[in-house]
Each structure stands twice: as C-alpha cells, then as structure tokens.
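Shared between the two complexes below is subunit A, which pairs with subunit B and subunit C, respectively.
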Partner chain A sequence: MVKALAGARRSRFAPVLLMLLALLAVGGVYAIAAPTPAAADTSSPDQIAEGQKLFQANCASCHGMSAEGRDGIAPSLIGVGSAAVHFQVSTGRMPMAASAPQAPAKPPQFTAAQTKALAAWVATLGPGPSSPTAEQVDASLGDAANGMLVFRTNCAMCHNAIGAGGALSQGKFAPSLFHTTPQQIYEAMLTGPQSMPVFNDANITPEAKRDVIAFLMEQRADNASPGGANLGAIGPVSEGMWVWIVGMGALIAAAVWIGAKSS
Partner chain B sequence: MASAPTTPAAKLAAGTGDFFDTRIGAGKLVKEFARKVFPDHWSFMLGEIALYSFIVLLLTGTFLAVFFVPSMTEVHYPEDALPVTMRGVEMSEAFASTLHLSFHVRGGLLMRQIHHWAALLFMASIVTHMMRIFFTGAFRKPRELNWVVGFTLMILGLLAGFTGYSLPDDVLSGNGLRIADGVAKGIPIIGSYVSFLLFGGEFPGTVIIPRLFTAHILLVPGLILALVAVHLILVVVHKHTQYPGPGRTNRNVVGYPLFPVYMAKAGGFFFVVFGVLAIMGATLSINSIWNYGPYDPSPVSAGAQPDWYMLFLEGALRLMPGQTEFVTWGGYTVSLNILVPGVVVPGILFTSLAVYPFLEQWASGDKREHHLLDRPRNVPTRTGVGVAILTAFIILALAGSNDIIATHFHLSINEITWVFRVLFLVGPFIAFMVTKRMCLALQRRDRELVLHGYETGRVVRFASGEYIEVHQPLTDAERWVLVQHEPARPLEIGSAENERGVARPGYKKLQRRQKVSNFFFADRVEPVTPAELAHAHDSHGASAVEGADDHASLARPERESLEAGSGAQH
Partner chain C sequence: MSSTTGKDLTTGEHGTAGSLVNDPLAVGESAEAFENPGLPEHRHRLSDASPAGAKKVERQVALIFGLSMLASIVGVWGYFAFPMDATLGNVRYSTLSIGLGLGLGMLGIGVAAIHWAKALMSDVEQVDERHAQRSDDQTRTDAVQLLKDGAQDSQIGRRPLLKGALVGAVALAPLAFVVPLVGNLGGTWNVNAMRHTMWRQGTRLARDPDGALIRPEQVTIGSVWHVIPDGLNESEHMLEEKAKAIVLLVRLDPSELKVQPGREDWSWQGIVAYSKVCTHVGCPVALYEQQTHHLLCPCHQSTFDITDGAKVVFGPAKRALPQLPITVDDEGYLVAQSDFHEAVGPSTWERQRPIRGEDY
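Up next is the complex of A and B:
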C-alpha cells in the first residue's frame, strides 16, 4: 500500500493531479470566503436569454456582439458586473445618444425588467460588482452624520457640499445627486462611472456607503432647507445674484417711487 | 416765549422744548436741521440703503452676539439636536453655537439670514452709491475728502463682511481663511511672519475665531460708525449736490426741507429697506453652514466661493496661471501666482478708485467748487474709465464663478477660463472706448435736439411743392438741461521758452500733465451756444413757414436764459 503510493507519487500524472487538487482547494476557499453577489443568483435562464437579445439589438453596435468592446469606440463589458449595467442603463446614460465629453443622463430607454435582464446577461460574462440589496441602500438604516463626514471627504470636491453637482475639466461635470436613486448612488460608488473614481468596499465600506445615501436622502427631506428657498444650493454666487436682483431691484424701485412722487 | 401756551399738551411740549433748548441748544439744532433742503432724485437714496442696512446689521448682529460663542474649543454636537446630519459630529464651539442659534433659538435662523442678506445688501448699495457719485462727478471739489471717507467705508465693509463670513467656522469660510492665509504667505520675506501673527501660529490654530470676533463686532463696526458720522456731517457741511435744471445753480439747493418731507421719505425708506431684508431673510436661505459642516482643513467642496463682494479676488486667483511661481537663487519661493491676483490686481483697482478725484482735478486744473452734478455723457472719459473699472470687476467676479457657469450653461471650464483671461486684459479697454464713443454720440444727439427740436413725424407740403418735416422745439426747461454744462478743456501750457527765449523751468513736467489732460478732455462735444441756436433758428425761419411762428415766439426767452446760464457758470 505504502509502496503503491510511493510508486504513484512518481507517476507522470501526479503533478497534474496535485495542481488540480490545489486549484480546487483555492477555489473552494474563495467560494466560501468571497462576498457573494447577492442579486446575481436570482436571475433565471430566461432572463439571461432576454438580456442577450436586448444587448445584441441595442448595445452590440458599439460594444460588440459578445460585449468584447471595440477599440476607441466602446469598452469591453466583460467583468463589469450587473451594478455598472444597471447604473448606466437605468440613468439613461446608455445607450448613448451622441458623442459628448461625457454621457449625459436622460430618460431611461428600457423598463426596469429589461434593465435587469441586460444586467443579468452581462453578469454572466465574467464576475464583477453586482447590484446592492435593498437593505444595503436603505437610507433609514444609515447614519446621516457619518455620511456627511464620508461625503465631504470623498465626494464633495466634485459633487458640491450636498450633491448639487460641480464642474470638471474640459466640459465634463459631476452631476447633481438630487434625483439619483439610492441604488444608483450605491452602484456609482461601486463602479466609478466615467470620470468618477471607484470607491470599492475597502475604500468606503458598505455601511459607510449606506451612510452617504442617508446623508443625501436627508437633503430631500421636507425640512431639508429650513431657511427657505435653497437658491440651487450652490452657495454664495447665487446668493450674490439674488441680492442684486431682489434686494437692490426692489429697493431701487422703491427709491424711484419715493423720489418721483413730489416732482 | 412771547405768548404763553394755553392747553396742557402745548404747555408740556413747550416745557420739554425749553428744557432741551436751554441745556443743549436744541432750538438751534432743530432750526438748522429741520430746514435743511434735500433735492429729490431716486439716485440720492442709494447711500441711504447702505445706511439702513447697516442699522439692520447692528440690530440683528446684537441678537446674534447674545448666542454666538467665539471659541475654537472642540465639542461634540448633541445627539438629540437638529440638524440630523450634525449629530455627534466633532466641531468647534463657534460652529456648534451657530447651529444651536439657527435651530434651537426662536427666531435665530431668521436673524442670521437677515443679518447675512443685510451684509450682502450693504456692500451692494455701497457699490451702487459709489457708482452714482463717480459717474455724476459728485466727488469734485469740495467733496474729494468725503469720497475718500466713502472709499474707506467700502474697504471697511469688505473687512466687516469677510470677518463675519469666517466666524461660523464652517468648511466654506475656513476655505476663505485658508486663501487669506495663502495670500499673506505669498508676500515676499515677511509673508510667513504675517501669517503666524494673524493666526497665532500655524494655520488654522485656535485663536483666529476669537480674534475675528473682536474685529467683527467691535473694531470694524466701530470704525464704520465713526466714519459714517464723518461722512454724514460732511454731507451737511457741503450741502447736497443736485442734478442740473432750471433754477439750480452752484449756489443753491432746490428741493424739500428735511422736516417734514424728508423725515417722512427717509424714515419710510428705512422701513422699506428693513421690510425687504426681512422678507428675504424669511424666504430665501443663505449660508446654510450645516451643508458644509464644521471646518476641517482637508475638504474643499465644489462651488466653494466667497460672498459676491470678494468674488473678484477669487476670480483673479482662478485666472492667474500657476506657472508664475518660481524658486529664486538661494531657494526662496516667489509666488507671483498668488501675489499678482491677491495683492497687485486689487491694489490697482482700489488705488485707481481712491485717487481718481485728485487725478481728474490735476488733469483739468479745475479748482472751482462744483455742486451741480454732471450728466455722465458730458464727461466721456470719466464715464469710460468708470465703466472700464466696473468691467474689470465684473469679469473677475464672473471668473470667480467659472465652475457654476460651466455646470449651468454646459460649457467647458477650461475654455471659460481662457475667455476670461483674454477678456480681463482687453475687456476694460474695449469698454472704455465703446463707452466714451457712446457718450460723445449722445452729446451730439443732444446738440441735434437743441438745434432742431424733436422730430414729430408730421410731413408738410408747401405750395411750391417742397416737403419738410415739422420739428417740435424743446421747452426752455428741457433745453436748459442739455446746454447748461461747460465741458472741461485740455490744459493750455504755453510755449517751451519764455519771452526772452530761455527754456522755462519745469516745462517737461507741464508737458506730461498736458498729456494726461489731453487724454481726459481732448475729445469733447461743446454744448450749443446761444449764437448757434439763433443761427439754426434763422436758417429754419427762411424755409419752415409752418413752424416759423412757434420759433419766433420761443427764440427770445431761450436766448436770455442761455446767457443768464452762461453768466452764472463763471
């Protein structure tokens, strides 16, 4: 028995077998330890098939029939994951209507179900960040004060202090976040669309991402602007403009009235 | 008291009046001030807006000072307080007390917002008032010093605004302080000492808020109050200027007495100003510091700008190319990228404003007193210079908003910046030339009007077959306004040598002065003289049979008034 084993050790198939065993062990540990994409597993084969059809009809002209991408035109989508697809398609950025410094958001072209199908098919091409669960984007579970701290350290320099948007170089811009859904905010952080950096779970933990969402949702609360009209929430420039238009405008009108009465 | 008062009320009034009269000379004061005459014009009330918004600033500022804690001690904002986004966050006491007075003091947010709107309005009305003074030449003798007082008030207003803006210790105002720190450090040799002196050590330190508080509530407003008193006393001493018109001369003031007419008008206007500010404070949010959070030197948010009156400095900084920073021999950094926009550009803008009255007087050699205002078109170079300075200021302010312009008009921020760089260098010159030409053209139009009257559009055919358009002549009052002024002419400096052929000492200096004078006054349109008017009417009389009667009846009085006018001018 021992002799037989010793003999097998020298077999020409032994290294291959050992390598297979090692790969299996690493893969098994990874499968247990790695964070499981929560939404990815819910897609049915029908959905994936529909997604492929939709992709080939609407996206393949730029991204290629199997999403391999085309040099200088569109990137490969293999391994971008469902989060990126859902973000780009549900905000209307994809399919892109025309060439521009960056893809602008517009009314989405696909229904929620179609978007999900597209995301499901692209997710099968290679592993990538998947869309968050409902719990991960539930603003009521987040801490808005911590979100404020995370937001102003990581996001405010482009998106403005409370997410009103801001300018980037060469006509690019960080859009306003006032109408972005919690899921889209989460996906944007996870996938870093266009000029935006990726904030993976090591940069900003999933809990901190939820805090950011809570902070941004706080800006939409009924009492978000206790001082009255927020004038675009862009700070002193619009305040300065309104003091000239409303303040000086009204008072010069009053002065003309007072000065004109007796003459 | 010649006749004793009869009713009890009259007795009481008389008694009170007598009490003050015999002790502080109230009778004389009332007599002097109540009968002071002010001319009527809306533009004479712009300074009042500034005064009244300053009063509102004092009132609301006192309220705020009761609740504000000028301290940089670190605290944690309570977990049960508003706003939600600040709960448990570490912040300075200054920031925490500003949040507290905004969210937990009844009327606190309203007071804060009125205070801030009043500060913006204070500066806006000062600038508008200054424009009125500049473009109408109200700074001429004897009011040059009052111009300087007003100019100093504007600078103090900037200081008051900047110190107040920085007090809440939020991220946005901290960014502003950091720029001030950078500008201080940009000054060669003494820069870092200045910065350490201001901040009591390395930025941000722990003393800047208490120091700014002292400046904001004591030093600067005290100086403003004192200078406002000087400003107003000088207005009384000089008497008010007035726009030209029939019966208005350099020796009189045509208008209404302070009591009762202007007591009512000015008093009422105070309430209008207060009312507008209250409405703005109640409905338009301003400087929501909880959006920015407590100061931390690391974050800067997009759309970080100062209040509008400092925006030109921000713009200058944004336009200046960064490559102008270099290291000299010996390893010293010269930050021209900060020094030029932070010190040189505002220095030129402000100095040219402060010295302008003296420069113009030097160029014109006019030492007479002027109490009649100029119509801006009648002094084309001054109007052009004023518009050029304003153009530079506005371009810089827009450049300071370049990111907001980029996002709101979907433009490239790089392209906007380049456009503003070019505009800042050529825009003021174009504005000067266009304005000057427009003024000269308007003066020529005035001449046309005086000589030929208004076009009526009524075309008449004579028996001979000739067509003419009937012109309606101006009334005496209308004509007076258009011909009363005397344009300044370039200095005459005579010949380079005296009558014995010897070179005159100081002639070079005179020549330089004449050059400046030529720049100011060489291009001009002389107003219509009585002789020209008579000539124009005579030539009309020959052909315009229809209008001849009208003209003949008006010719005499207007010639008389013109002569009287030119007599009074000299």
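Up next is the complex of A and C:
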C-alpha cells in the first residue's frame, strides 16, 4: 500500500494532479472568502438577450458593439458590473445627450425593467460590482450617527455637509444627493462614477454604506432643519444674499422712512 | 506749554471759527458765488390742518403700540405653550414665538414713537446757532492756573520717590490682564510643533475615523482613502495630532505615476500617501477628482496633481503637499517609513529654518 502510494507520487501525472488539486483548493477558498455579490435578482437569459439588443441600439454607437469602448470617446464597459450600469442609466446620465465636462443627471430614458436588462447584459461581459440588495440599502437598518462620521470624512468635502452638492474644477461638480435613491447612492460609492473616487467594500464596508444612506435620508426628513429655512443649505452664498439684499434692504428702507417728512 | 505760543495758536483758530459762525457759507471766494437760500418754506402736515387728521394719527400710533403689546403677549405665551423639551419641533416653535414676540414688541414701540414724533409733535424748523468753541481768555487762564495749583499741592515735583512709585504701579497693573491673555493665545510657543507629526517608522496606516488597519490590496485603483496614524484615536491630544497627521492615500496606475527623484521607494506599487493639510493656510485638501487625479482645496481652490508629486497646478498654494514615505510590514499592513521629511501645513517663514537634531 505504502509502496503503491510512493510509486504514484513518482508518476508522470502526479504534478498535473497536484496542480488541479491546488487550483481546486484556491477556487474553493476564494468562493468562500470572496465577497459574495448580491444575489438579488438573478437575470434570465431572455433578460440578457433583451439587454444586448437595447445596448446595441442605444449605447453601441459610443461604447462599441460589444462594449469594448472607443478611444477618446467612451470607456470600455467590460467588467464595470451591473451596479455602474444601473447607476448611470437610472439617473439618466447615460445615454449622454451632449458632450459636456460631465454627464448631468436627467430624466431616465429607459424603464426600470429595461435598465435591469442592460445591466444584466453588461454584467455578463466580465465580473464587476453588482447592484445591492434591498436590505443593503434599507435606511431604516442603518445607523445615521455612524453614517455622519463616515460621510464627513469621505464625502462631505465635495457633496457638502448634508449632501447639497458643490463645485469642482472646470465645470465639473459634485451633485446634490437630495433626490438620489438609496440604491443609486450605494452604487455611486461602489463604482465611483466620473470624477468621484471609488469607495470599495474594504474602505467603506457595506454596513457603513448603509449608515451613510441612513444619514442622507435623515437630511430629507420633514424636521431636518429645525432652525427654519435652510436656504438650500449651500452656505454663505445664499445666506449672504439674504443678509445683503433682504436684511440690508429692510434697514435702508427703515432709515429712509425715519428721515422722510410726514405728509 | 508756554502761554505765548498757546495764545498765538488760539488767535488763529478764533479768526476762522468766528467767521464760520457768522456766515456758514462764507468760505473764501465762494461767498459771492452762492447765495444762502435760507430754509425752505414750511409745509403743514395733514395732522396739523385739522383735528380729525390729528385724531387719525393718534389712532394709528395707538394701534401700533397695541400690536406691540400683542406681540409681547404672544412671546410670553410661546414660552409656556412650547416647553423646551427634547422634541425638535418644540424647540423650533419656542424660539420662533419668543423671538417674534420680542422682536415685534420692540419694533412696534420704535415705529409708533417715530410715527408719533413725525406726525403729531411739532415739526416747525428751529435753528440753534452754534457758539464759538473757544472759551474766553479769562476761563482759559483760570483753568491753567487750577492745574498748576493742583500739581503744586501734590508736591510731585519735590518727591521723586512718589512719582516713581506711581508710574511703576500704573505700568504693572495691566500685566495681570495682558499676560494671561497673550499666554492663552497659543498654549505653546514652540513653533517646532508643526515640524513633527505622529508618524514614525513602522506606524501603521489606519482608516479615518474608525482606525481599521489597511492592506495594500484593499486600496484599489480609483479609490481614495482618508488615513490617520494607528493609535491616534487613543492618543492624548487626539485632535491636535489628527490636524497634523491626516493623510490621503490613493493607488495610481504605475504608468501614470511620475516618481519624484529621490523618492523612488516612497510609494508601494503605485500607492502614494500625501499630507491632507493644505500648504496655503492649512485647510484639509480632500476633494479628489478620480479622473484627473487632481486634489482640490475647498478654501481657496489650490489644486495639486497627485500623479506628479502633488505639485501645485492652480491656486495660491506655493509648494507641493508633503509626501509620506510608506511601505508594507511583515504582517502585510501599510506602514509609514518615517515622519514627513518636511513640515506639513502652511508655508510660514519658520519652516525655512533648519531643524535642530533632525532624525527621521
């Protein structure tokens, strides 16, 4: 028996077998350890086929027939994952209407089902971040206080302390987050669209992402501004206008009235 | 001052002042060019014309006073109606009603008083000629004499000890106020404090704010990490240390990264770390544009190019952001190789001075 084993070890096939075993082990460990992509909506072959048709009719002129991208015009979409597609298409950023410093959000061109189909097809091109599950973006499960800490460190410098948005360079800007859906917020962090950096799951964990969403949803609550009108929450510009035009105007009017003769 | 010079000066002043009083418009040659138009003709108000008009004004004033009273009552009512408890809505209504009550209450008094004065009180113009500012010679000599007598009486000229003691006491008294005031300005006068941060050889890079350690494979291309030194959250002067030690970590495609001469081993496989304290006046530079690799300062729009040694490409900052040399330790965590090699933060003249006992 021992002899037989020893003989087998010297066999010509032993290295190949070992190699296969090792690969299996690595694959198995990876399957267990790797972050499992949200298995939220499994896409059917029909959906994928529809997505491909939609893509070739609406997106291929810039991104290429098989989404390989065109130099200087549009990036390759191989491996961007369904999250990026859902974000770009559901916010109306894609398809882009005109070339501009950055693609602005506009009314989406595709229905929710069409968007899903597009995302499903692009996801088949290569592995990439996929859209979050409903539970991952449920603000009621998040901790808004922790979300504020994370938001303040990573997001507030561009998106403003409560997500009202702000300017970047050369016509680019960080948009307001007041009308972005929780799923879109999650996808933006995960994929880093346009000028925005990526915040992968090691940097902002899925739980922390949900906390950020909870914090942003708090800002939309009816009593989010107990101090009264927040004037767009964009800081000194609108507040300064209010003080200089309305406040100073009232003072000048009062001074004129005091100095005028009674009739 | 001798009495003769005093007299000379005042005679000159007296001449000018006198002519001003007699004819306000007589300034040099323009006296003939313009004629004093005098006061405009008095126009009577509606309230002067008839008792009914006056009565109307009276009612208006009373009404405004009444509104003021009402507002004050609303303010007091608001205090009781909205107890300041934990609910945000109550805090809001409480401050709103008290503020409006107080504001309108006082504004009403002011408006009513002014309306009263303008519409009811006499509006006939009255002229009060201004008298000469200079007092007459007799008063002036008397005043000087009084001062002299006082000085004589205090014997200050004959007793230098008292003079010295008085000056000393007056000079010392404000120190008890000034020294703590100045002393509290900074707490420390050691400008070298800006030269060193918490980073040491082997200090691990940790995630801001929770302090999780960072492995290089987690820092993917396109992502940006806001970093603090490991152990910062437990350190004694957490905020002071954090203000100096904050770092931004990004991984760049090695083909995009222009390695700076002398810093070949300061990055780790395309991962670079730069101080987040703006070299202009020290705001946290944290607006990172992923596609251009530009890092913007929110305060005055200085822009730093992360691919090229964080050099300034726009704005008022005058030098690149200091780079933190990093590597990976035995356990696979990102660590600092040393402290920054230059002072972080604003470019003050102090940082030009060589650092004593330098040891990185």
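The rule is short, and it goes like this: the second predicted complex is superposed on the first by the 234 of 263 C-alpha atoms of A that agree within 3 Å, B and C clash if a C-alpha of one lies under 4 Å from a C-alpha of the other, contacts with A are read in each partner's own complex, and residues count from 1 in each chain.
Keep in mind that, in the parts below, a contact is a pair of C-beta atoms (placed from the backbone, for glycine too) under 8 Å apart; a residue touches a chain by one contact, two chains touch by 3 or more.
These figures come from a predicted structure and were not determined experimentally.
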Clash-or-fit label for the pair subunit B, subunit C on subunit A: clash
Partner chain(s) touched by A:V150 [first = subunit B, second = subunit C, both, neither]: second
Touching partner for A:I258 - first (subunit B), second (subunit C), both, neither: both
Larger contact residue set on subunit A - subunit B or subunit C: B
First (subunit B), second (subunit C), both or neither touched by A:L20: neither
Subunit B versus subunit C as contact partner of A:A134, first or second or both or neither: neither
Partner chain in contact with A:P197 - subunit B first, subunit C second, else both or neither: second
Partner chain(s) touched by A:A164 [first = subunit B, second = subunit C, both, neither]: first
First, second, both or neither for A:G228, with subunit B first and subunit C second: both
Segment of subunit C that clashes with subunit B, given the candidates 3-11, 111-119 or 165-173: 111-119
Footprint overlap on subunit A, comparing subunit B with subunit C: 149, 152-153, 157-158, 166, 168-169, 174, 226-228, 258, 262-263
Of subunit A, residues touching subunit B in the complex: 101, 144-145, 147-149, 152-153, 156-162, 164-171, 173-174, 215, 218, 225-231, 233-244, 246-248, 250-252, 254-256, 258-260, 262-263
Touching residues on subunit B, where the partner in the complex is subunit A: 40-46, 48-49, 83-89, 102-103, 109, 113, 116-117, 120-121, 124-125, 128, 171-172, 256, 261, 265, 268-269, 272-273, 276-277, 280, 282-288, 291-293, 296, 298-309, 311, 400-404, 406-407, 410-415
Subunit A-facing residues of subunit C, complex: 43, 45-47, 88-89, 91-92, 96, 114-115, 118-119, 123, 207-210, 214-215, 218-220, 222-226, 250, 284, 286-292, 294, 296, 298, 301, 303, 314
For the subunit A and subunit C complex, residues of the former touching the latter: 149-150, 152-154, 157-158, 166, 168-169, 172, 174, 192, 194-200, 202-203, 223, 226-228, 257-258, 261-263
